[in-house]
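Below you'll find the structure, written out as structure tokens, and then a few comments.
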Amino acid sequence: MERKFIEYDFGRVDSERMRLNVGPQHPSTHGVLRLEIELEGEIVTDVIPHIGYLHRCFEKYCEQMQYPQVIPYIDRLDYIASMNNEWPFVMGVEKMMNIQVPERVEYIRVIFAELNRIANHQIAVATFGMDAGAFTPFLYLFRDREMILNLFEHTSGARLLYNYFWVGGLAHDVPPNFKDTALNIIKTVRATNEEVMRLLMGNKIFVERTVKVGILPADVAINFACSGPVLRGSGVEWDLRKAQPYSIYDRFDFNVCVGSNEIGVIGDSWNRNIVRMNEMEQSCRIIEQAIAQMPNEGDVREKFPKKVRPPKGEIYCSAENPKGELGFYLVADGGNKPFRLKSRPTSFVNLAVLPEICKGYMVADLILILGSIDIVLGEVDR
Amino acid sequence: MVKYFKDILLGFWTIMVGMKITMDHLFQKKVTMQYPERFDPIDTGFMPDNSRNKLFVDIDDCNGCGGCERDCPVNCITVETVKTVPSDGPITIKSGAKRTLWVLKHEIDYSKCCFCSLCVESCATSAIFHTKEFDYSGYDRNELKHDFVSYSDEEKQKKLDNFVAYQIVKKQEDAAKKAADEAAKAAAAQITK
Amino acid sequence: MLVQEIYDNLKEKFPEAVLEFIGTATGDPSTVVDAGQIYNICKYLRDQDGLEFDYLALLSGMDYKDKFGTVYHLYSLKYKHRFVIKTYLPKEDPSLPSVERIWKTANWHEREAYDMFGIKFENHPNMIRILCPYDWEGYPLRKDYVGQETYHGVRIPV
Amino acid sequence: MGNFVFDLIGKNIVAALVICIIPLVFILPYALIAILGELKIGAWMQDRVGPMRTGWKGVLQPVAEVVKLLQKEDITPTIANKPLFNLAPFIVFIGAFAAFAVLPFSEKFIPSGINLGLFFVFAVGSFAVIGIVMGGWASNNKYSLLGAMRSVAQIISYELPAGMVFLSIATIAGTLDMQTIILNQSGPIWNWYIFGGPQGGAIKFLFIPFFVILFIVYLISSLAETNRTPFDIPEGESEIVAGYHTEYSGMKFAMFFMAEYANMYVVSAIIVILFLGGWSSPFGTSFMDGPIWGIFWMVGKAFFFVFVQIWLRWTLPRLRVDQLMYLGWKVLLPLSIACFMAIAFLAMIN
């Protein structure tokens, strides 16, 4: 694919390049990220990300922790999608210990993971809009996310860091009016999405700001091992839920959303964002199907093992997180603590592509590209 | 040229659409909750029964097993215990089981607590649980440490002394018993000889 | 393609460099290869028709107490198969060729492995620390790591 | 148009001072109201309730903010160029304040009834850019410098379409005097320029589309000149932190703030004067008309456009620098020139 940059002839202009530190404290670095950028006027010629400001030795801690104690730490990786984070770890330990979790648990897990995917994409779209200067859609989306968080709070007891998926089951059963609440949430999410499509995504200014900005060709995206909406925005149809169906995802009918040339160019910021908008709709569909199929009765805690002690061995277990593929490479030595737990942090891998795609654009575009990658610094730095 | 005018019109039209949406919202019902006035933590609509807030330990129910201390991922709980002695009499915890340990210290550092609920899960007697209180603060980090044991220092010291004294007594008794046993054994051996 | 077939294919091509096949009762099987040949093997795995591992999911450094190691988790988006390669490295001065030129994503993963384990990757364009401060001493994820007591005059709480 | 203050207390220095102070007395309460409007309208559009703590329903919030800004430590960066750094906010404010000299409030009251009112507004309108560049450069901050650079390009480019709009109105009105322009439009509502102006007959309807386009062109240019969304590029919060006023704090920041709000009123008032009949009543000369009602109509109409600016701010995302230039040079300028030529032609055959 041909890469289109804003053409600018540096040769003839006798000017000094400016080095600018974007961050660690900057309104739109989504946390404590420092980008050392080199500017030619307003054109970005080089970007060097400096990360690690939020590094808190996650992997070292995990070696000191028993398996159930690791889960609260995993919550704090990508603190916007904690439910999804817990899943690959729990799934990996269950596979190692050969635990078959009950049907009902699988359905509840799917519903919560998809609800959290919606919540995450709402934040991603909202903050992306705010990077472009539109503040109002941000609050509309946050208002709806509040409903999802309320449901999570009524289920797990916490709003953000759930510690809900446990090895062999779930920490609590769902509240009695769970199905109605979930369906109500879907209704609201759809209504707001339609509104955001008109207010933000359809706005000509926003379209002009995002199309043909930060074009990430498919081969580069694969080479950089991008995943999630960043990869799918580049037109690669790769979703772990379809490619290697884990849990019960093969029972649901949903589409993998990919970027298109309809508005903008495949792989630009606009496509990454519209993939998120469409994925919310697909998540709604999955939740509807899951609620219809879900068994009503059953104990979510019946398969809890007495002691979580996976046998000696190693496993790489990954799941399709809202931001992409989150995996845990777990090496167990037969004890009650992991010998080594290496995470494959989605945002870390996706952020690595930033210097590749933002050269030749303006500072304002750099911020938008960073927003369209949708990183969480808790996960980048661990 | 057509695209030029189309773009201008499209830009104008989408701005109008956006302005209509914000104008509609101007007259809609607001969703803000005025926090301290309209917030009632007892109201289940705001806070569910299993919500995870400040921890509380019912020390009369705590048998001092230390499970919460072991299961805490952030080591915010400190439990110190001493064994009971027969002279304390037949004592039980609130739920009726026999108490074998005096809890001398059960301290939770709320500034470290991560509200994961693992301690609640591990407690066999349900002595530790989450309350509905969540807005607490202090001017010093140490103010957020809370010790649930209400014994005075003398009482604690007395319990420790009791235990130590009992250990000595027990040791002597054991020694005496052992000596008696050996004497009996020796006597028995004598007899068999 | 099954993991066993890929292993056989690889063994045929690199009889010297492919050392061992570890199949476990639980979890993923993996293949141990010679660290010095890792670049050639990875290049083969990416470019060979029928294998085409174009996606490096994860590159992790390892400390097995008696030796170091690196683990590569590979996907093929086309054939949807996975493969795991391992290398073992000596305790003294561990180093092996970088695969950054094959998969760009290895850039940051290798920097992280260097940061955490002190494993050096040859031919890497920018072999500096990534998560720890640039002037940090020691390699934190090593099993025998002892932390710094002070950093720029600030005491580090244990 | 005589000035009624001079009539009242004679032509002396006290009268001159009073005339100078009246706009200032107007700006301060107006700025408070506009800030409150910004907070509240923004909140309501986002389904929030906005500030609720200070006073009844939070109406005293802007007062609290001003008091906070006054109390704040006034920080000057050590490496800043101090004289320029300290001077910049005042120059920006003077630019906005000077425009009030020729803004009529009613039939009877205009601080300075010079007959080059439009030209004067145009001239002092570009004054602010000097202050912005001064502040941005003197702050010795790269973000401030970027903001200042953007601001210059923006304000200079949008002066042109605005100038074309002024020119068209001057052509049709035959004057640059504000009061005369308004007097031309007095009478019933269809005498306003946006409805084709005072001329009668069928040719009036030929004028309407061009005036409407000019009206929109000026509305957009005015947003750009006051650095309001979607043209708040010089202070684009998500990109360059706060642009040219990143390093300012306390009272000097308040000056920038006040200048922005004063500018909002100035451009709104000019829209009202040029297209919507200024202080004249929409019900003709017989009903709700007169000097006192004139103030009501003038300020009321201007406040509506202040509201529109706030409304746009909470609706739209921000443009990029090159798109801003594209819009200014390739869309607004050709459109305004075309409209100017059409209007001149129509005025000639009329």
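Per-chain numbering from 1; labels A, B, C and D assigned in written order.
Convention: a contact is a pair of C-beta atoms (placed from the backbone, for glycine too) under 8 Å apart; a residue touches a chain by one contact, two chains touch by 3 or more.
Keep in mind that this is a model prediction, so the values were computed, not measured.
Participant: Measuring from the mean of all protein Cα atoms shown, which chain centre lies nearest?
Facilitator: Going by the distance between chain centres and the overall C-alpha centre, it is A.
Participant: Return the distance between the CA-based centres of subunit A and subunit B, expressed in whole Å.
Facilitator: 32
Participant: Just curious, how far off is subunit D from subunit A if you go by their C-alpha centres, in Å?
Facilitator: From the centre of subunit A to the centre of subunit D is 44 Å.
Participant: Using Cα averages as centroids, what's the distance between subunit B and subunit C in whole Å?
Facilitator: Here subunit B and subunit C have centroids separated by 41 Å.
Participant: Using Cα averages as centroids, what's the distance between subunit B and subunit D in whole Å?
Facilitator: Between these chains, centre-to-centre, one finds 61 Å.
Participant: Please output the residue numbers of subunit D that touch at least 2 other chains, ranges allowed.
Facilitator: 45-48, 314-316
Participant: On subunit B, where are the residues touching two or more other chains?
Facilitator: 15, 18, 21-22, 25, 31
Participant: Among the residues of subunit A, pick out those that touch two or more other chains and give their numbers.
Facilitator: Expected reply: 136, 140, 143, 199-200, 203, 205.
Participant: Draw the chains as dots and join the ones that touch; what shape do you get: line, ring, star, complete or other?
Facilitator: other
Participant: Show which residues of subunit A lie in contact with subunit D when the two form their complex.
Facilitator: For subunit A paired with subunit D, touching residues are 6, 18, 20, 26-28, 42, 129-136, 139-140, 143, 199-200, 203, 205-206, 208-209, 362-365, 367.
Participant: Provide the residue numbers of subunit D that touch subunit A in the complex, in ascending order.
Facilitator: The touching residues are 42, 45-48, 142-143, 146, 149-150, 229-230, 232-233, 236-241, 314-323.
Participant: So in the complex, which bits of subunit A are touching subunit B?
Facilitator: Result: residues 65-66, 68-73, 136, 140, 143, 146, 153-154, 156-158, 161, 163, 171-172, 175, 195, 198-200, 202-205 of subunit A touch subunit B.
Participant: Where on subunit C does subunit A make contact in their complex?
Facilitator: 24-28, 30, 54-58, 60, 62-63, 71, 73, 77, 80, 84, 103-105, 107-109, 116, 129-133, 140-141, 145
Participant: Please name which positions on subunit D make contact with subunit B in the complex.
Facilitator: Answer in residue numbers: 41, 43-49, 52, 216, 311-312, 314-316, 331.
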